[in-house]
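Data first, discussion second: the structure below is written as structure tokens.
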Amino acid sequence: MEKLDLRSRVERSVSRRTFIKGVVATGATVSAGAYVLRSSGASTASAQGAVERLVTLRVNGQDRRVDVMKQETLAMTLRYKLGLTGTKIGCDRADCGACTVLVDGVPKYSCSLLTHQVRGAEVTTIEGLANGDELHPVQQAVVDEAGFQCAFCAPGFIMAMVGTIQESPSLTRDEMAHALSGNLCRCADYPKILNSAMRAAEYMRSTTA
Amino acid sequence: MADFKLIGQSFAPQDLVAKITGRAKYAEDFRAEGMLFTKLLSSPMPHCRVRSIDYSAALELEGVVAVLTPDEVPQEEHPFEPALTNEPVYEGEPILAVAAVDEVTAANAIELIRVDYEPLPFVLNPLDSLRPGGPDANTGGNVYNGREITTLKWDQSVFDGVGPDQMPIGPGTEEDQWEYGDLEAGFANADLVIEETLYCQSVSHHPMEPRTSMAYWQNGKLYMHGSAQSTAQARRAIADRVGVELDDVFFIAEYCGGGFGSKIRGSVLEVIPALLSRKAGRPVMMRITRAEETMMGRARPGMLGHARLGMRRDGRITALDLFLVQDNGPYSRQGDSSTSGDVSALGYTPEAMRASTVSVLTNTPPRAAQRGPGGVQIVSMLAPVVSRAARQLGVDPLQVHLVNAPNHETEFGRGPYPITSAYVTEALTQCGELFNWSERRQRSGQRNGSKVRGVGMALSPYYGGTSGWDGLVVIRPDGKLYIHQGVGNLGTHSVVDTAKAAAEALDFPWENTEVVWGHSSRHLPHSSSQSGSQTTHAHTRANWVVGEFAKTLLQELAALELGGSSSAYQVSGGRVFGPGGSLTFAQAAERAIARGGKFDGHELPEDINDMTRTSATALAGQGLVAAAKDNLPHTARTYSFVVSMIELDLDLETGMHEILNVTSVADCGTVLNPRSLIAQGNGGVIQGIGIAQSFKWAIDPTWGVHLSKRIEATKPPTMLDIPTELIFAAVDLPDPQNPVGSKGIGEPPVGAGAGALVCAIEDAMGGQHPSHQPLTPDKILSIVENDCLPCGRLETHV
Amino acid sequence: MAVIHDVMPAYELFQPTDVEGAIALLNEHGESARVLAGGMDTWDWLKDRTKRVTALVDLAGIQELREIRATADGVDIGALAPLSTVVKDPEIQQNYSVLAEAANKVATPQIRNQGTIGGNVSQDTRCWYYRAGWPCYRAGGNICYANTPASLNREHAILGADRCVAVSPSDTAPALIALDARMVVQNRSGEREIDAATFFIGPGTDIEQMTVLRTGDVLTTIRIPNAWSGASFYFEKVTDRKSWDFPLVNVASALRVEGGVIQDARIAVGGVAAKPLRLFRVEQAIIGQPANEETAAAAGELAVRGAEPLRLNGYKVPLMRNLVKRSIRGQETV
Amino acid sequence: MELFRRALNPWSQEVLIGVSWTLLYVAVVAGAAFVIGHAVYAAFIAKKEVPPTEEEVQRAAPGAPEQVERHTLVSRISHWILAVAVLTLLVTGFVPILGLKFPWVTIHWIAGLALAVYTVFHTVHAVSKRSLGSMWISFKELGEMWDRLKLVTGKDGPEPPKPGKWATENKAFHHLTMFAGLAVVATGLLMMLRVDTIFAPANPYILSDSAWGMMFVLHGLASVVFVGAIMVHIYFALHPEKHWITWSMIRGWISRRDYAWHHNPSRWPVAPKSVPLKGVKQRETPTPSATGGES
């Protein structure tokens, strides 16, 4: 029987029914201990060329072995498999920037990257900046400027600052605003965040000089 | 003014390092053994009745643990808002929740549920409901009269001959109208009478952190991790909603990723993980998605209205006749429309005024107070009307504001209500100087290619504080002062800044002070919620009072221990000293414990709240425990004021604008923490600018279904939509009814920012008042090209 | 069955390392497979459960597709090159700055770091009715929810509509059209090159597709000829917000002006039709004319001839007119 | 096999959006099967009919002219307009579904409008010429059709009499296409309201979802029926045995021999001096009256 359900349109030929069957079939292998995303049974068999589920991620300078579903985003792996809850999920749709992390030094939204896409890359999260109790210069700058209010956006903003300043340490205030325009702050603490970023650039310049 | 050591200094709050290292745990950051996840089945239509639900297939799905239905959650008569319902009154209202071992399973289970819905008539635009025979959002009626739901339909004649983009003016509800002075005489005495249709859109709160929560039960007690603007008040609300005793609820909310009024007492949705967890016998995490936050989170009520304003040649406003129809949403009565009346009465002190409002129920997302509720709407709607009148009479808008400015003696509005203080003239003057108003004003209307310069300003009064809450401090044998705060930690820094009043009263060094907050097991007092700009005022008072009380206890203790009269002892620098010698706080704490009674919390004042009593009792014997209720006089209403001025370039070929300067000055009494004030002030101003610029929502008129469920579509302001620097200052003059002179500042900046931006655009457009926010390029171009708004009718959800 | 628009369902993920491998996988899985580039369009569909796939073929591992190479005749941009790489590429910045400028206006820095140029031109329309999963024409149904007497269609088409009134959201597309770019598409039967202007299609041609790409096709390279190298360029994008926004209307132009007279011209406009429109008629009309205000104004008027606005998008007519005008005379009146 | 296409409307309610396009293939297969079956039958099984001799013709239709008018100029022109419209509609309607995409909507509704105009004209014309009766299928004719079928399938039975002006099969075809045509025209006209046309801007909310669902189902079913019917129709038009009819739709007349051979002159009497082709005006041929010709 074909029943075209347009609202959840299977890309043309795979029917919803097939899909649900698949879920029922794989539901049997749900493991306890898995959080939001289940740790096994996403698909019945690994097809040729398909990715392996058990991967090694390099996060904050450490190699972490982790079982990752095919559809799992980096934000979820960080938060629910690696315990790195500093990375926040504000929208899960690349609309807010709270989940920004560095992938090989480049700021990206971890909600919009599959974990499997960062195998072999160096991932840095907010937890990876400070050295023990010694804050990263960018964090220090934020403290000195008392940046952020509710601070749910702060980890994402700070990662964007780190990535930006590492690449271009001498941006003007306008350029910095452009570089940080992929992060939303609903408290709208933008002027103070920019102060922090400018101070951070100054600190970074002096540490590298 | 007293010479303060802590008040007026900039401090970074002590939780900042945790926040910026990722160590601060918000609700979704907690884990518990065996934790389940829940997904919600929500209403696909704006108003319907669930005829039947078949979730058997969902329960059969491997990994699904429990299903929670409306029959299992407390249901009361409308307008009580249940956590799950069989008669959804807005699209996206939750009907059923599934708990499963993971979210994929829970979501897949939702897809296996069969629901039979009976669609019911629905209404999105309040005017539609007021038409004869128009639909009602609720089976009980369509409008609020005071707090009662009743039915109001206007006569067809109200609508006859009214253009599609004009406001029909029918009768308001009885409880919601007032007037003072001789309105007709006021208009007769005016040199100009101006009439405008008013419009302000509904906007979601959209805090960065959705209202996620996690709950579990241990030994019959509920542990709830949530996101709230108050620990004390949210805990109370959870107990009420779930139906358990206050003492059986532990609420953990050390950090709140933004609320703006949408999480004042937490969230009604917290009932779901609480009850699911009890049913499943396992912890349950309910992650709220952004789309759900758009629907089930809260929103500011939009308004449609009409203003008739009389102005004399000198700028004095002689009469104001205000008519407002509020889009109340489906549930509890929103106070915005009545606040709008008060705010305009205070901001412009018209010689005569009438305010008539109707609050209409609609099948749109539930509303709640949003930072400056009512104030933002009316300032952004009315400021351009005043500005336009000033233009027509050839008076400078700043002059108009000065002429009409309230002062300490002003009594305003429905009361009329006296106010504690108003340094509005000072604020206007200071802002004019900082902004260089007269010089920038010269540039108004200057053309540069397709760009036109616009300069605008607005004054935004807002209620600035409550009183009568409790303070609770403990001086422990470690020599530290522990200040317990039941307010939330919204990031306004007021959880810390108001604690300084207690340290200030005790003249105690800040380094040795610990602020205790965010976890109800930490024994918190009965505190206000962090909303309504009340915290600063309410808790500087409560903490000052409890600090003074602790000081008295220390003096009495010292007198008992060291001899002499208590009044001969002084408290400063962590010591109490006098004729008989001195005690450090550490020593005092030990002596207090030894003496017991009123010194260590075993005897407490009569007038404190039960919650404070329970907390203080639990702390009893751990040091010098002081609990006190704020009984200081509060004989008038406390109001704060912000004036904002904006200069911008409007491109008439694209409809886009570039803001060049934003300068604001506040009258918020004594400044507690200058850097936090500037952040709060500018943040509020930017939020207001955003509402006037681009922030909005969209609901399809035919289906009543939300189309802008994501932030990308609702468009709150980004860093590039404002200048990289904004100026915010304060007159810094003390309010006489606050021991440290402070008044609240959370809300008034929003209206000022929104109003100033609308006025600046109105100015750039040569006095054309685009009465339809947000002022996106489509509206600007439509007015420039066709002298009309694009939609052609007063639609409330575009 | 109840509907939930959340949580990405399961699928198989493939990460081939060469184009041939990717094509083989796409053919193997047919229409239930989807190509993944930066994912900035894909995730919405999958997370919302409005489209489902059984296989996702991630092209990010194909190194050659990420590179930008200067060639003898211009520059070859790998389709998987992130937009930020395009923005920063010195050759593009110097000789084809209109593309760098357009790419730099896309969304946000993080999206530009992740989103690719191939994805930017191949992305689906942002019509909110369609993306909400409503069964409209584009979704295989028989209604356009955006074109009714009550629709919220401020963002929709004023030109070229055929039942569907969705618009092209791409910022780089008009720039590529202005540069006479060619799209190199590879599939099982080989490689073909398509002119940028014909790469995009309207609803009349295929109401369910935005481009000529079909199952099994991989857009591998965007080839910029040197024909317009160093021409005088213009790009402008009008939005509600200055970050994170799709264009209400955008415009890109390339002009060759000698002695104050327009020798040759390319003008393309986005956000007004289902495909980015190359304004052939306007180009023809301005060639040989002096590059001045009158020419620009006349071009603007000509550009919007035949526009049919919907309920809420009438403003797009003057907006497109003004942008076309500015694309010839610059932002300020000379 | 699912007969209908359904979708979830914005309220997640299941609504009909049309017939399953599998039905198109069913119609094509059915049409092809009939064509092949008939072709095989005609080529190998059916007894070859021998044309009547001149004598037999003379005996059967003594007064008939050389050229017996079958279709007036007006009806011929309208038939060919109809043919063009229907073919256009089928091509523009179905080819995109088959995968060849092109901007078909405008052509489709214009052709549909032509069909609608034809329908109105044809109805008015038929009513005004009082020729409705000639299309009536009587019980007797049904019986004769049954007898003929029996003969064709090799069973014994009486040889049914020849038809009058219109063979029962022709009439049945006409009625089938008439009902299908009325359905597509009525639904199609309403469906024009769903897209922007020169007459009105799109307004799909004029009817409810379920009413529209029925419209689409009806339109789809009728169109699919058309596909099968037109296949058979064209097949017969091209079939050598039926060329005399095809020619009559071009020239307007049939020969006296075909008249006598295929028709029953008593059921379709023609005036002796009737002048075909130019005889449109003075045609006095009594069409077999409102009584249905015979009986």
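We just call them A, B, C and D in the order they show up, numbering each chain from 1.
Criterion: a residue touches a chain if its C-beta (ideal position, glycine included) is under 8 Å from a C-beta of that chain, and two chains touch if they have at least 3 such contacts.
Please read these numbers as outputs of a predicted model, since none were measured by experiment.
Applying the contact rule given earlier, which two chains have the most C-beta pairs between them?
A-B
Need the most distant chain from subunit A, centre defined as the mean of C-alpha atoms.
Relative to subunit A, the chain with the farthest C-alpha centre is D.
Please tell me the distance, in whole Å, between the geometric centres of subunit B and subunit C computed from their C-alpha atoms.
Inter-chain centre distance comes to 41 Å.
Round to the nearest whole Å and give the separation of the Cα centres of subunit C and subunit D.
The answer is 48 Å.
List the centre-to-centre spacing of subunit B and subunit D in whole Å, with centres computed as mean CA coordinates.
72
Nearest whole angstrom, what separates the Cα centre of subunit A from the Cα centre of subunit B?
One centre to the other, that is 30 Å.
Can you list the subunit B residues in contact with two or more other chains?
In subunit B, residues 44, 103-104, 108, 111-112, 289, 700, 702, 705, 712, 717-720 touch at least two other chains, as defined above.
If you look at subunit C, which of its residues touch at least two other chains?
1-3, 8-10, 49, 132-135, 140-141, 145, 148, 150, 242-244
Identify all positions of subunit D at which a residue touches two or more other chains, and write them in rising order.
7-8, 10, 12, 17, 205
Provide the residue numbers of subunit A that touch subunit C in the complex, in ascending order.
Residues 4-14, 16, 19, 22-23, 26, 42-43, 46-47, 49-51, 69-71, 73, 92-95, 97, 100, 106-109, 112-114, 116-117, 160, 164, 178-184 of subunit A touch subunit C in their complex.
Using the touch definition from the top, list the residues of subunit B that touch subunit D in their complex.
My answer: residues 44-45, 117, 119, 700, 702-703, 705.
List the residues on subunit B that touch subunit C in their complex, please.
39, 41, 44, 103-104, 106-108, 110-115, 289, 291-292, 448-450, 653-656, 693-694, 698, 700-702, 705, 707-708, 712-713, 715, 717-721, 774, 776-779, 781-782, 784-786, 790-791, 798
Given the complex with subunit B, which residues does subunit D contribute to the contact?
Spelled out, the residues of subunit D in touch with subunit B are 10-13, 205.
Give the list of subunit D residues in touch with subunit C in this complex.
It comes out as residues 7-10, 12, 15, 17-18, 101-106, 194-196, 201-205, 212, 216.
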